[in-house]
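Here you go, one structure.
Lettered A, B, C and D in written order, each chain numbered from 1.
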Amino acid sequence: MTRHLMTLAVLIGLVVLVVLGAEFAEVRLLSRIATNLCIMLVLVLGLQVFMGNSGILSFAHVGFMGIGAYTSAMLTIPVQMKGMALPDLYPVFAGLQMSPYITILIAGLVAALVAAIVSYPLMRLSDAAAVITSFALLVVLHTVMLHWSEVTNGPRTLFGIPRVTNLYLAAGAAALAIAAALAFKESRLGILLRTTRDDEVAAGALGAHVPNLRWIAFILSALFAGIGGALWGHFITSFSPKAFYLKETFVILGMLVIGGPGTVTGAVFGVLIVTIVFEGLRAIEGLVNQAQLFSEQVVGVTEITLALAMIAVLIFRPGGLVATREVGDLILRRMKLREKK
Amino acid sequence: MSSNALRVTDISVEFSGLRALDHVSLFVEPGEILGLIGPNGSGKTTLINATTGQVPLSGGSVEAGDDQLTGLSPREIARLGIARSFQIVRLFNAMTIAENVEASALAQGEGRRQARLAAREMLGEFELLDRADELAGNLNYGDKRRVEIARALVARPRFLLLDEPAAGMNESETEKLLNLLAILPEQRSLGLLIIDHDMPLIMRLCHRVQVLASGKTIASGDVSSVRTNPAVVEAYLGSSVEVHT
Amino acid sequence: MIKVSNLEAGYGPVRAVRGVSINVGKGELVTVLGANGAGKSSLLLTIAGALKPTGGQVHLDGIDVTGSSPERMVRRGVSMVPETRDVFPDLTVAENLRLGAYIRRSKIDIVRADLEKMYALFPRLQERVDQAAGTLSGGEQQMLVIARAMMADPKVLLLDEPSLGLAPNLVDQIFDMIVELKTTGLSILLVEQNASKALQIADRAYVLRLGEIAAEGSAAEIAEASDLHAMYLGG
Amino acid sequence: MVGFLQFVIDVLSLGGAYALMALGLVIVYGILRLVNFAYGELIMVAGYSLYLLNGSALPWLVMAAVAVLMSMFMGIATDYVAFRPVRAKSVTAVLITSFAFSTLLQNAALLFISPRPRNIPLPDLFTTTIEIAGVVTPVRNLLTIATAVISLALFAWLMRRTVIGIAMRAAATHFTMARMLGVPANLIISSAFAISGLLAGIVALFWLGRIGSVVPGIGLEPLLVAFIATVIGGMRSLQGAVLGGFLLAFIDTGLNYTLPQDLLKFRDAFTFSLVILILLWRPEGLLKGPASGQRT
């Protein structure tokens, strides 16, 4: 038990450090980066809940992020702006305007509900078939977002979403996400799901219900994604369906894979490391572009770096930086070793 | 045969036209150890797989006590108290020993707290408690085998089917395993079915032996009668070798 | 021809072959006997390069070939027929045999002549030339894998349990063919569970127990001296 | 009647391209049981090769040949970068590395060439139309059909009649056994990737020929097409891939002809839902493919 509490304390401590660092520096940009980092934590931890414990790669995650973002947006855009922002909106919702704090939760629930319905039959599949169907699911969700103009304003940018996500709200959500991901991992369901990850046949022979376990984790994962998406929407305040497709998928997956999908610690470390490197590179990219060293804008350096890093990690450290043991566990083991000496 | 035995009745299994099991029957009484032997490819592992639902039957039925197991999934069969081990050890390698054993209790529907207590108790009996937090993937082979058996036992099975538990063990490990298995049936009132190639182990352990060859039962009975049974000798050695007894 | 010294091999932590030394002379038929799980198949797979040795050496004609890849071993003249009888089920009999001659694919005429020899030796295969190998009976598949291995024109043939799961009359046929192959000067290392049959045709024999050599000698000596019954069925 | 002929030409030309795409994905999947997410980028590579050759004095056919060769080369490179180092580790690892490699290539194009579309050289033949029995159709469509037929025939010949083709089919069921006959593992795998690149390169000429330009994200749609077609037809069966390609073209074209305008925009959602349904009904696809399989 102590080691779980230790893990929780260390990881939430890291979040607190990020918040304090950003606040004391009193640089607006840093605060933005820190807020974004906390939102990414919610999203990446969401993917960790499913992928880390089930061992199955899911491409659909940012699709549920999109569902969350659009749900909360539709319910919170001020009534007077709705005519402009969402001209095709169903009349029932036209007069509706709810508190964002409620709709962020609703967003998570809607994403979870959609996940529950569409994923139930998919959870029997493993390996390549599972990944291709999750990819197909992402394409379906994206196509729907792109064309369901009643709710999403089609491929056009949706604007007018109230800005409510600040650093504290995002950090609070991230802390909750850490606690929830850890709790799930150590719960009855989490342990059983991890047995199916390590050996599906042996898990079945013990009596584990493989599809149901995966299903529950997938729903939970979509809940995180929906909340994360809504937080992101209320942070960025305008977006289009493009924001919830392969590029975003790549970043979230990259963070998880580099940190280590098998542990909550890995997910958190992954987000921290990739964010730091990304922001550094982005700053350099910005400087280069400002100096107009090249005739065209320099773009894509961050993605190329992330891609190379992912490949390198998978070759040299296939489980990611933190593969099997949580940080609390690692610390306590080290302390014990020292005592023995 | 009592009414609470594990009864495999007249089962057949086919793989793409090939008959792996051809009308085989057997039973295991609670508290008894049955040895299942036979040359390579005779269908022993298939019989365990068929009993636990890993491969579909093309005929026959399987029952345990009053429970009908025919056509159930491996999961349902496991929940009815039939546990098994695999020919190649299948532990959850990225999880700790404690989690491996605990998961088995959880899969039976036990709560988190009870499962943990049961797992600790079982690991204590197997002298693995001080290593409970090690990752299963890092164990040596003999210990992996013992964890696998501990994992099966924590589910309190009525019947335990072991597929070559001593394969790849050295003599001292085998000896340790033998002592462990010998007391199980009485201590936990379960029926034990065991496949192994180590004949001395089978001889010392089993109350009864059944012999398969080419998917059929060719002999069954007590250990000494089976050993001298001409059909068994032929299946193992070929026909023209004289039998020394 | 083949000289194996102190060979060690296994699967992960399992040590299946423990310091085994054997040799097979030119044109000799040597059999390795032993109960299930004694390490016979692992020994053959290690010699053939499909399993990496963890210790010891394999010499072929005096050249150290320890740890060579399976494809290189075939090129050096060592062909293996695994016990799993792996025909390529979707390929026809002719295609299976053609693939057997992969390393000699440029020598079209010689290969064609050898193909005729194989059809003469296994007329059943010629009848089923365009049939998918997966549709053959167990005995026919066994003939196919032996013929396919022979198409590489090996100097040494490693045979793993060719009698496995076959009806007695088919077993006799297969053994007759092995004897016939031997007369061509081929060195054969035969792993068998069917000890009496193997000892009838072999020149020499080794007995494997728990991954180690328990006895060795001429076929007659082994048949005479060792208590096979005790070895297989306990004593 | 005219409408029907039009429909047939549309289905055949689209189906030919789809079938070749699917075949290129399946040939790798069949042998390694691994999905190549960077497959669409082979099209992109062929496209940018054409773009870079634009303005050179070479005849178009030579440029096309170079583009196809570049695509083959990149196919083999995919193996070395994304597959070989992690092949033995896990299915998921390869999916991720090939996805990363795909992003890497796309962003390299963004960085070194341009995010904006680039025109590619095309022969005049590609832009002319022809009238057959009252149906006006681009010559390009007929060329696609002809090329697909020739490529499929060549492919069938390669797989059935040549030793390397037979070896590839063998390796798809028993990889280790093929090696025990002396077939070098790396040769088989590289050949599969080269053929995969060849097919993608050929498709690229027609795919890009329809659009006339190339952008870094060009590979996504053909990748999706190949996914759907292989899933429908059977991920491990070469015949299944061809069947899946034509079936998908039939479904797509059929929906184009029949769906009302406001639903047509959801066409991709319909076809992908179909993929999900088919995988649930028959996880192996319509054609099962070789009896057994193993990974190396």
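Descriptive notes on the structure:
Heads up, the rule we're going with is that a contact is a pair of C-beta atoms (placed from the backbone, for glycine too) under 8 Å apart; a residue touches a chain by one contact, two chains touch by 3 or more.
On a predicted model such as this, the values are computed, not experimentally measured, just so you know.
For chain B, the chain whose average C-alpha position is most distant is D. Computed centre separation for the pair chain B/chain D is 48 angstrom, with centres defined by C-alpha atoms.
Centroid to centroid, with C-alpha atoms defining each point, chain A and chain C lie 55 Å apart. Separation between the centroids of chain A and chain B, computed from CA atoms only, is 44 Å. We define each chain's centre as the mean of its Cα atoms; on that basis chain B and chain C are separated by 32 Å. Taken residue by residue, chain D touches two or more other chains at 291, whereas all remaining positions touch fewer.
Shown for chain B are the residues in touch with two or more other chains, namely 16. In chain A, there is no position where the chain touches two or more neighbouring chains simultaneously. Taken chain by chain, the contacts form a single closed ring in which each chain touches exactly two others.
Pairwise chain contacts in this structure: A-B, A-D, B-C, C-D. Against chain B, in their complex, chain C makes its touches with residues 10-16, 35-38, 83, 134, 138, 161, 164-165, 168, 193-198, 200, 210, 223, 227-230, 232-235. The part of chain B that touches chain A in the complex is made up of residues 52, 54, 73-76, 78-79, 83-84, 86, 90-95, 99-100, 102-104, 106-108, 111-112, 115, 133, 135, 151, 155. Every residue of chain A that touches chain D in the complex is listed here, in rising order: 55-57, 121-122, 124-125, 127-129, 131-133, 135-137, 139-140, 143-144, 146-147, 246, 250, 253-254, 257, 296-301, 303-304, 306-308, 310-311, 314-315, 318.
Looking at the complex, you find that chain D touches chain C at residues 163, 166-167, 169-170, 173-174, 176-185, 290-292.
Those residues of chain C whose C-beta lies close enough to touch chain D in the complex are 48-50, 69-71, 74-75, 79-80, 82, 86, 88-91, 95-96, 98-100, 102-103, 105, 134, 148-149, 152.
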